[in-house]
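Remarks on the structure that follows.
We call the chains A, B and C, going by the order they appear; numbering starts again at 1 in every chain.
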Amino acid sequence: MIELALAVPALILLLSLFAGVIYMSYIQIAASVIVFAAVIDGVLFVKPDKIFLGGYFFIDSLNAVVLFTVSLLELFIAFYSFGYIRTEIKHGLSKRKFKYYFFWKNLFILSMMVSILANNLGIFWVGIEGTTLATALLVSFNRTKEAYEATWKYVLMCSAGIAIGLFAIVILYFTTSDFYGQSIKALSFLNIIKVGGKLDKNFVLLAFILALTGFGTKVGFAPMHNWLPDAHSQAPSPISAMLSGVLLNTALLGILRFYQIALSAGIYSAKYFFIGFGFLTIAISALSIFKQKDYKRLFAYSSMENMGLITLGFGIGGIAVMGSLLQILFHALNKGAIFLSSGNVLAVTHERKIDKIKNLSKMMPVTSFMLLLAVIGITGTPPFAIFLSELLIIIGMFSFNVIFGFIVLFFLILMFAGLLSKTLLLRGNSNDGEKDGSPIIGFIEGKSLHPFLLYVPALLIAISVIFLFYLPEPFLLLVKSAVREL
Amino acid sequence: MAEIGLGLFQFFLILGLAPFFAGIIHKLKQNFRGQKGIKITQFYTNFFKLLKKEAVISSESSYISKIAPYIILSVNLLVLGILPAFYRYPLFAPLSDIIVIVYALSAATFFITLYSLDQGSPFGGLGGEREWFLTMLSEPSLIFIFVALAIYSKKGMITEIFYYIQKNAAVAVSNGFHGHFSIAIPFMLLISLFILGLSENARIPIDNPETHLELTMIHEANILEASGKYLGMLEYSAYIKLSIFLTFMSLILFPYMAGNAAELPFAVLLYLFKMLMLCFIIAIFEVLNPKMRLFRAPNMLSVAFIISLIAMILSVRGV
Amino acid sequence: MDKFAELFAVLILVSAVLNAGSPFIEFGIKLYAFQSLMLALYTLMVALHSNTPSLYWSFSITILFKVITIPYFLFKTLKKTDIKREMDSVIGIPESVVLAGSLTLLSNIIAEKIITSVIAFGSLIFTISLATFLIGAMLMITRKTLFSQIIGFLTIDNAIFLAGNSFTRGMPLIVEFGVLFDLLAAVLILSLLIINIKKSSINKTMKHN
């Protein structure tokens, strides 16, 4: 029943044009539950290797991991959105502003699902470009000058990057059309893999490099990352969580498809590109985190670092690949928790600057505690699941090259220090007492916020802890078979 | 003997018609603007009148002022004699190397600026400086255009180049556009040469040949002090230069050169038709566009340069 | 027919160079429409040459989307925002034209290195599309006005379509249609953003007073 993952968002998309925001938030929860159930059914309990909808879509272990991550996070986001909209409206945002919120959100989810499940590289491309366009107006949701400028940068850079990706697809199509003729078959990923060994190596390498730089823009690789902190910090918090947690992985999936094609064509040097880009991304994000003044930008840089780490893991190979695949899921959950809990802060204070917010631990004790836990989690500290995946990547890295391992570890420590120090600053007790503290008089966390706003991040953190000790057996099998594919 | 005779005919026909082409552009422009306009033969009248007038030469100037107009005129006549406008064997056919053409034209520019400096007038220096500013930018394109043609046809002489293009075009048309023949290269060269023609002949977006406004004039500033027969010669050289550029354009546009006396009448008619068409296009272009500031001229000339560069890449790659 | 195809392909490159050489936005949009027309005619020539029916479709949707619809929306937005010319580009006009020329040379060298197998119209089209691609990217980087950046992006897209229609007998129709639709949506969203940015900057100054 994996088709439901495509059909339900499409249906909700149409529905959201007619139904009001409040009704939509109920419908969205129902839809997300259905999608999640369909994905569990299709991915974990059935052996996933099948083609559906006329061969345009397929599912294998690799995209099953990403699909599972997307639908799981989406489930939480649906609940959070439920509370978020009520809270924002209560705090004075007009209902009209949310009019198209669910439309764009569902378009975003639909295009993401399309690109994850696409067998056809052309359709994958259309889906990825669709995610950019669908989120464009969500990023400019606040309608400030900064938001518009962030959107501008986001749409233009990502569209140009994805256009480069299209060039890669065209070049690949040129080589594969020798085998399948000038038809839609020649763009099918499964077909391309089948004839991988016979493809012209020059063209495949060129296509791989173009895809890496093109879709890499969307992943947020280092020289092309300028748009990422701006866009992720300007979007409404649930959308930020989706952008950071799963959209980056979706774009990375496209690069991995090209990587698989390159491997099947016998280009083993492709992994060095992964290592290079991954390392550069980690280094740049770790170095730029110290001068950040906006806490959502801080977390956006952390996403960049994690994507770098995941890419590095894929490049190194061996045990690190497993670490990377696990990291995709764990990072999404943890980053969700971070953006959602910092979303609570933003929803109440409407303040993005770190030094403008003080006394968070007194004003919003639960939220600030969750934020702290989630930040500790994202840096890979033991009681959270990321510890496991990062450990696997680091072990792989040290067995690859010891000195390189130390350098990367150094940057990870920098990241840890930067993130934690800034978050503690946010929480910090200022000696002036209440005066510069609470922005809203008579604010009580439990009453002013919708309960979902507190439950959802807490649940995400709890799951993140549970996954360290117990990973569901079917998921583990899925990851293991995905490792064999790479 | 027949060759020399027809070559002389070609030479003197273009020489005689040069003021006519300049005049017709002028007349057309005035008509487009709704003015009554000059007579088409006005420039002939001007020339003969200037020959009769007394030449005044500044006492500060040296012998350069006396010889420069002769040199400029003779250099332009040399280039005119090289051109296979409508007959395959021009008067100075053995000289018709592409390098000779480009450098003869720039020698004329050199002497005209030398002449302007020699006058000791403040505008002379101004005009010379501006002239070189433009020539510096347009000369590389001019070289590129001829080199592109040479590479395209693998010939070094201008007569052979155009005969080669003509022959191949005829073959290509007869067998459905195959063979060594390109549309793109001549088209790009034509665009580039058109821009260069405007700049080298002081036409409107770069310079205005009709005014003597000291802030903007370029060509006029060079010959501001000339008078009598010297002015006549300098103006006639300008007409010849315009005819040379127009002829090049007409050759690239549609090369048709008569090989013998029998084909000549048709070739002459076709040549005149092409020239009048180009005059018409230039007149329209000048009417529609405003004159641009001098420092925007590099924008236009750099585009011409890059277009001729692209044409050269194309011809190197082969067709 | 391939001589005409070559001419149209070269004109795509020339219009990109002209775009680098002009600071006027309205002229830039017109040039983009011209470039798209040349792309469409090129596609038509390839279609005639290779007798591929899908390319006729490609020709007509290119005309519909790129020559008519997108320039129409851009002109409409231009009217609303009232921007006349590029205000401050990073480098001057002659420099960017010369840079465009060097990019053409560079892509010529790259194309000669890479192309080993025989492609429909020779490696020339690869040179042209790569050069147009790079010039589009250069426009996006060096220009600061929002319109010029859009035009750069659209130029990149035309270059890719040129490559797609020349190496291969066109992309599959469903993909091409999806790509064009996405492009149109991108242009619409960007136009909306231009208007909004203009509005919000006006509002901001009014609030401060």
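Here, contacts are C-beta pairs under 8 Å (C-beta built on N, C-alpha and C of every residue); 3 or more make two chains touch, one makes a residue touch a chain.
Quantities reported herein were computed from a predicted structural model and do not represent experimental measurements.
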Remotest chain, chain B as reference, centres from CA atoms: A
Most central chain, judged by mean C-alpha position against the global CA mean: C
Chain pair with the most C-beta contacts: A-C
Length of the line joining the C-alpha centres of chain A and chain B, rounded to whole Å: 64
Distance between chain centroids, defined by C-alpha means - chain A, chain C (Å): 31
Between chain B and chain C, centroid-to-centroid distance (C-alpha), Å: 35
Residues of chain A engaged with two or more neighbouring chains: none
Complex contact set, residues of chain B against chain C: 172, 177, 181-184, 187-188, 191, 296, 298-300, 302-303, 305-307, 309-310, 313-314, 317, 319
Touching residues on chain C, where the partner in the complex is chain B: 1-4, 6-7, 9-11, 13-14, 17-18, 21-22, 93-94, 97-98, 100-101, 104-105, 108, 122-124, 127
In the complex with chain A, residue positions of chain C that touch it: 52, 54, 114, 116-117, 119, 133, 137, 140, 146, 149-150, 153, 156-157, 160, 163-164, 167-172, 174-175, 178-179, 181-182, 185-186, 189-190, 192-193, 196-197, 200-201, 204
Chain A residues within the chain C interface of the complex: 120, 122-123, 125-126, 129-130, 132-133, 136-137, 140, 143-145, 148-149, 151-152, 155-156, 159-160, 163-164, 166-167, 170-171, 173-174, 177, 182-184, 187, 200, 202, 206
